[in-house]
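Dumping the structure here so I can ask a few things about it.
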Amino acid sequence: MQYTLLILVLPLLSFIVLGLVDSKWKPKVAGTIGTVVLGIITALSYYTAWEYFSMHRVAGVYEKLIPYNIEWLRFTEFLHINLGILLDPISVMMLVVISTISFMVNIYSLSYMHGEKGFERYYAFLSLFTFSMLGLVVATNIFQMYIFWELVGVSSYLLIGFYYTKPSAVAAAKKAFIVTRFADMFFLIGILILSFYTKTFDFSILTAEHTTVFAGSAGATFLGFGVISWAMAGIFIGGAGKSAMFPLQIWLPDAMEGPTPVSALIHAATMVVAGVFLVARFFPVYYFQTPEVLHGVAYIGAFTALFAAVIACVQTDIKRVLAFSTISQIAFMMVALGVSGYDGQEGTGYMASMFHLFTHAMFKALLFLGAGSVIHAVHSNEMKDMGGLRKYMPITNWTFLIACLAIAGIPPFSGFFSKDEILSASYEFSPYIGGIMTFAAALTAFYMFRLYYSIFWGKDYIIKAAAHGHDDHGHGHTPHESPFAMAFPLVFLAGVTCVAGFIPFGEFVSSTGAEYHIHINPTVAIMSVVVASVSIIIATLMYRKPTATPDKLAKTFSGLYKGASNRFYLDEVYMFITKKIIFNSVSRPLAWFDRHVIDATMDGFANTTQWVSVKIKGFQSGQVQQYAYVFLLGTLLITAIVLIF
Amino acid sequence: MDLLNNILSGSIPMEAYLGVSLIMFFAGVYGFLSRRSMLMILISIELMLNAADINFVVFNRYLFPGHLEGFYFALFTIAIAACETAVAIAIIINIYRNLTSVEVGNLDQMKE
Amino acid sequence: MNFLSLFVLIPALMMMGLFVSNSRKQIQFVVATGASLLMILSGIITYMYFIERAAGNAATMLFTADTVWYAPFNIHYSVGIDGISVAMLLLTSVIVFTGVFASWKIDPLPKEFFLWYSLLSIGVYGFFISTDLFTMFMYYEIALIPMYLLIGVWGSGRKEYGAMKLTLMLMGGSALLLVGILGIYYGSGATSMNILEIAKLHIPIELQRYFFPLTFMGFGVLGALFPFHTWSPDGHASAPTAVSMLHAGVLMKLGGYGAFRVAIYLMPDAAKEMSWFFLILTGISVVYGAFAAIRQTDLKYINAYSSVSHCGLVLFAILMLNETAMTGAILQMLSHGLMTALFFALIGMIYGRTHTRLITEMGGLMKILPFLGVSYVIAGLASLGLPSLSGFVAEMTIFVGSFQHTDTFHRVLTIVAITSIVITAVYILRVVGKILFGAVQDAHHEHLTDATWYERLSVVTLIIAIFAIGSAPFWISGLIHDSVIPVIGQLAK
Amino acid sequence: MAQQIIFFVLAAIIAIFSILAVTAKQIIRSATYLLFVLLATAGLYLLLGYNYLFAVQIAVYAGGVMVLFIFAILLTNRPGENVKTELPVRRVAAGLTALAGLAFCGHIIYWNIKRVGDLVAQSDITPQQLGHSMLGTDKYQYLLPFETISILLLACIVGAIMIARKR
């Protein structure tokens, strides 16, 4: 499967070409190049997937293929960074997801970003991102993954800060990068610890079922925990940073400052699931070596799922609602991994996680693109500026509804199947986690329909706009359906969302690689559907027509409401830590210390020398008599000494 | 009377000459250190040189009679003193032309 | 006459050419030709070095030559290069070349500026090619003196203060160094000052205990070792562009190179014994420099403190005393040299346009100066260790190498050093966000013009070099790795 | 007897006038006192039997040098200008130093009383003898210093003219 190299090379070339020509070509040319390249990649990825999954299984599992593996940088005899391509079920699945979404976003952006300054730059960055993300998923070793991990972070930074003249976008980009960078530091430390004990970076050695590389670390502990636990916890923190797990989730809502297609691609479908992918990649290590860390993953995931869902219920910016929903859904995947067993049916969680990753990517991208379409029409992110849009934007309305049903977990849409598996895996692990997850799922259904009704139903947008007197910046015109380039991806993704649930996913992807048959647990399934439906009905009652209920509820639970709408003040805590503690209490005194203590000491040496020399210079007064006087005194002194001794 | 007789009889002791030159020398030192006028300093230097001359001659006369080292030394010193005075006075007059003063206190520009 | 001496001769010829040239055109011709020749020469040397190694020549130093120039003290002019010197020569050539173009329109006194500049490069080149302790020291001093005049005359801000401080502190360092070198010479009882000769002998451990700290600190001052780093912010802030580039890019590397080649190579026992103390100091440098950089508002100060942090990492890795970390240290020298030169070049160019270096007074420059802006972002990304740029390769090699140390103390210290990558991101992004992005702060900045051809040439050369190391590290890391082995052998003795 | 009396008179003149010379307020007086000291010194030379030196002292010092002094004083002294008095501190310090030196040297001389030889009678030095030793090159003959002094004198004459001439 040598051609897979093209999947990596093409977007890189596209990035270089588009980046170098900058604005010398017409925007249209640049957009076409980017999109066509992505089209080719998508085709290649599908072909790869088809070829890979139609291969014969060896001993019941799909083989790991490594068509390329080139030594890039050698550290020691054992440790060297290779660049290569690893094809196994999850990486192939990711290839499909990334290329599909990326392709859709490219098409969508042709129209959405039309006429923006820096259109070529936008496409260049999109190519860079696609390249890095693809490189990340096909990584053959952990260091290659880290390399692309960083590249992904940078492309995310560049794309969030695409509107670089807008201070909030710049701040958001900076925040996103620094928070994930902070997490990456733990990732790196984890890699270092792991490689120190195992003497390898290679995934195929680390995650082999009966690997012996961990023998060297047996019994080695640091501060009471096994060293491998430390390593794997560090690696998980890296993943948690990218995947916005509590408490590192703060960057993701702000990242919505980027263009909406970017949010769909990076901050909903692909980059943010890198953390999940990372944990999945290391799943055997987590499971066999450090089960306690894996359980930690489950608990953090469960908490994040609930936490983000609660916040999502009260946000008013539609992109932020989606952002918190993303956090919550990724947490679902994390939980699924955390609760998963290894073999056979016990590996439900793993399979469910990957399945949910796949379906979520599709419907969440759809939601974001739909939201983009809405924003494009009304030029605002705020719910209060919207309403009754279903009349003007039928395609957007229907596709958005499909996505909402999918995320709420209503059959037969894809979200139902994957989420159901997650719930049943959670119940198997612990009823508490299962309960939390069910509640989070219910909240999901609620806030998604709150969102849906606020946008497409309720008071008519035109009336609202007139009432608010928002006629100034283009609100006066009637919103209209988006052009074809924007509508096509919506329809395509909606189609995928409708059918993806019926993919026999377990046959392709499972923890051991062996075939896995999905069994729908009827109790859990019925219960989750009921819960979701009830939530949807509540949301319908509350938000379909403007009622006073939401305000009343907000008043009743004013503490919770205020906390949630301020995201539980976590941002403030971070601001306090960074601004007050690090900036003002560490960095400033340090800078002061440097200037006034260390530097002053050095200057002090110089000043002392100068002072002494000025004093000595006084002797060289130029006065002959003084010289003579000193001379005479000296002579007398010497004479005296000679005389006395 | 006895003492006076003792002093006045016999030859003059060498220490007497040395004492005289000593007083002259240190009078010169005092002048050199205390006076501000350059001419006064020059006069003091003359005194010191003169004192040295006396010593040369006296040591020659008392310790090495028949030789002429000290004698010549004194002779040449007189010559050199004369040269030095001539040059010094030329300089002083020149300085006086520039600064209208002959005080050494004003002459510390050379240190900078 | 060994052809390595060309590295010293060409700048000398440049000086002669400058003496006879009258107009700015002629001066530019002379320096551009000279710098290009040096660049070509270092390319040839690299090629020849590879050929020679491929032919199986396993000597520690290649192309050696030896001439006695002061017999009473056995002082020789002896030259020779190994992979590390080759790498450093390449770095120097790139920076000398780009420095020439960065100061293409230097004013006033262009002739004198380039005269001193050439003298400075003589010192630097000479240091890297010589294998004789005393000759090495002499070239080191040659490199220091022009610095004072270059900063004092062509600098900006508090230039006299900065120049004086820099020169005095570095001179202080070299005083320690001289004691160290003499200690090595007499302690080993050698009959020549050639490093290779001395390496064969053994210096008693009691003496090493005295002279290792002296030598290491002597070089450490130049490598901005905490707490002797304070010359760096003031010196760099007041230096003219090309001098900042050459100084931060190459001269600071003399410290690391010297510590590696002299202090550790010749006194391995004391190095093993005392490394913990200096590791703590360098560890402080790394984190401390990064933290101090966060607070600064002057672009050059930010970069100077970031240099403290990055150069601290060089010494840190050298002291880890293992192959990988040392390779990483040399890589870091290259990488830091290139990117800091790029930074200083860009800062100089921005300053030349906006006439301010305070980040609070700039904003939105990306829109007005897209070329400089993009280059600045690339430099920033290199500095915070983006893969495919040189910083990543160097830092990762250092971290992986340091972490292979079997001692827990060293590994914990490595983790402390790793935290610097986050702090680096903070201050880099702060600067980028403030000066390049956002709204234009000053209406006068609206009419600034983007980079001219010579500025572009200088910037692009550096960026290409950064990319070359970052995306294809194997050739240069192999080059360095082979040459680290003798030192490791010395340590294992 | 007469010799002794003459010596003491001369000694008294030297002591008194040298002190007066350095303490007098007006320079012209100092110069006059100096002249007395120089003349008295010439007397001492005569007393020691060095007639030639006596002549030189009178001619060069009391004659030539003093004339120079008088000229210089007249050239640089503005009539009617008050002579500045010295700072007392300075005078005290100088005086103490001079006294200390005097004490030291006097101590040395006192300590060595009667350890040196007595005055031995000596024949007069004839001008012939002087001329031989001054212009010969043998042992105890001084042509070289003589010539050196002559060159020095020449240099001084040229130098003095160069320095003092008006530009």
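Every chain is named by a letter (A, B, C and D) in the order it is written, and numbering of its residues begins at 1.
The working rule: contacts are C-beta pairs under 8 Å (C-beta built on N, C-alpha and C of every residue); 3 or more make two chains touch, one makes a residue touch a chain.
Computed from a predicted structure; not experimentally measured.
One finds 99 Å separating the Cα centroids of chain A and chain B. Taking each chain's centre as the mean of its C-alpha atoms, chain A lies 37 Å from chain C. Annotation: 71 Å between the Cα-based centres of chain C and chain D. Averaged C-alpha coordinates give centres for chain B and chain D that are 5 Å from one another. Annotation for chain C: no residues touch two or more other chains. Of all residues in chain B, those that touch two or more other chains are 29, 32-33. Counting partners per residue, chain A has 629, 632 as the residues that reach two or more other chains.
Shown here, the protein chains touch in an arrangement that is not a line, ring, star or fully connected set. Here the touching chains pair up as A-B, A-C, A-D, B-D. Within the complex formed with chain D, the residues of chain A that make contact are 629, 632-633, 636, 639-640, 643. Interface residues of chain C, counted against chain A in their complex, comprise 164-165, 168-169, 226-231, 234, 288, 291-292, 294-296, 323-324, 364, 366-367, 370, 381, 384-388, 392-393, 396-397, 399-401, 403-404, 408, 411, 414-415, 418-419, 421-422, 425-426, 429-430, 433, 436-439, 473-474, 477-478, 481.
Per the touch definition, chain A reaches chain C in the complex via residues 22, 71-76, 79, 81, 143, 146-148, 150-151, 154, 157, 161, 164-167, 170-171, 173-174, 177-178, 181-182, 184-185, 188-189, 192-193, 195-196, 222, 582-583, 586-588, 590-591, 594, 598-599, 601-603, 606.
Residues 29, 32-33, 41, 104-105, 107-112 of chain B touch chain A in their complex. Residues 620-625, 628-629, 632 of chain A are the ones touching chain B in the complex.
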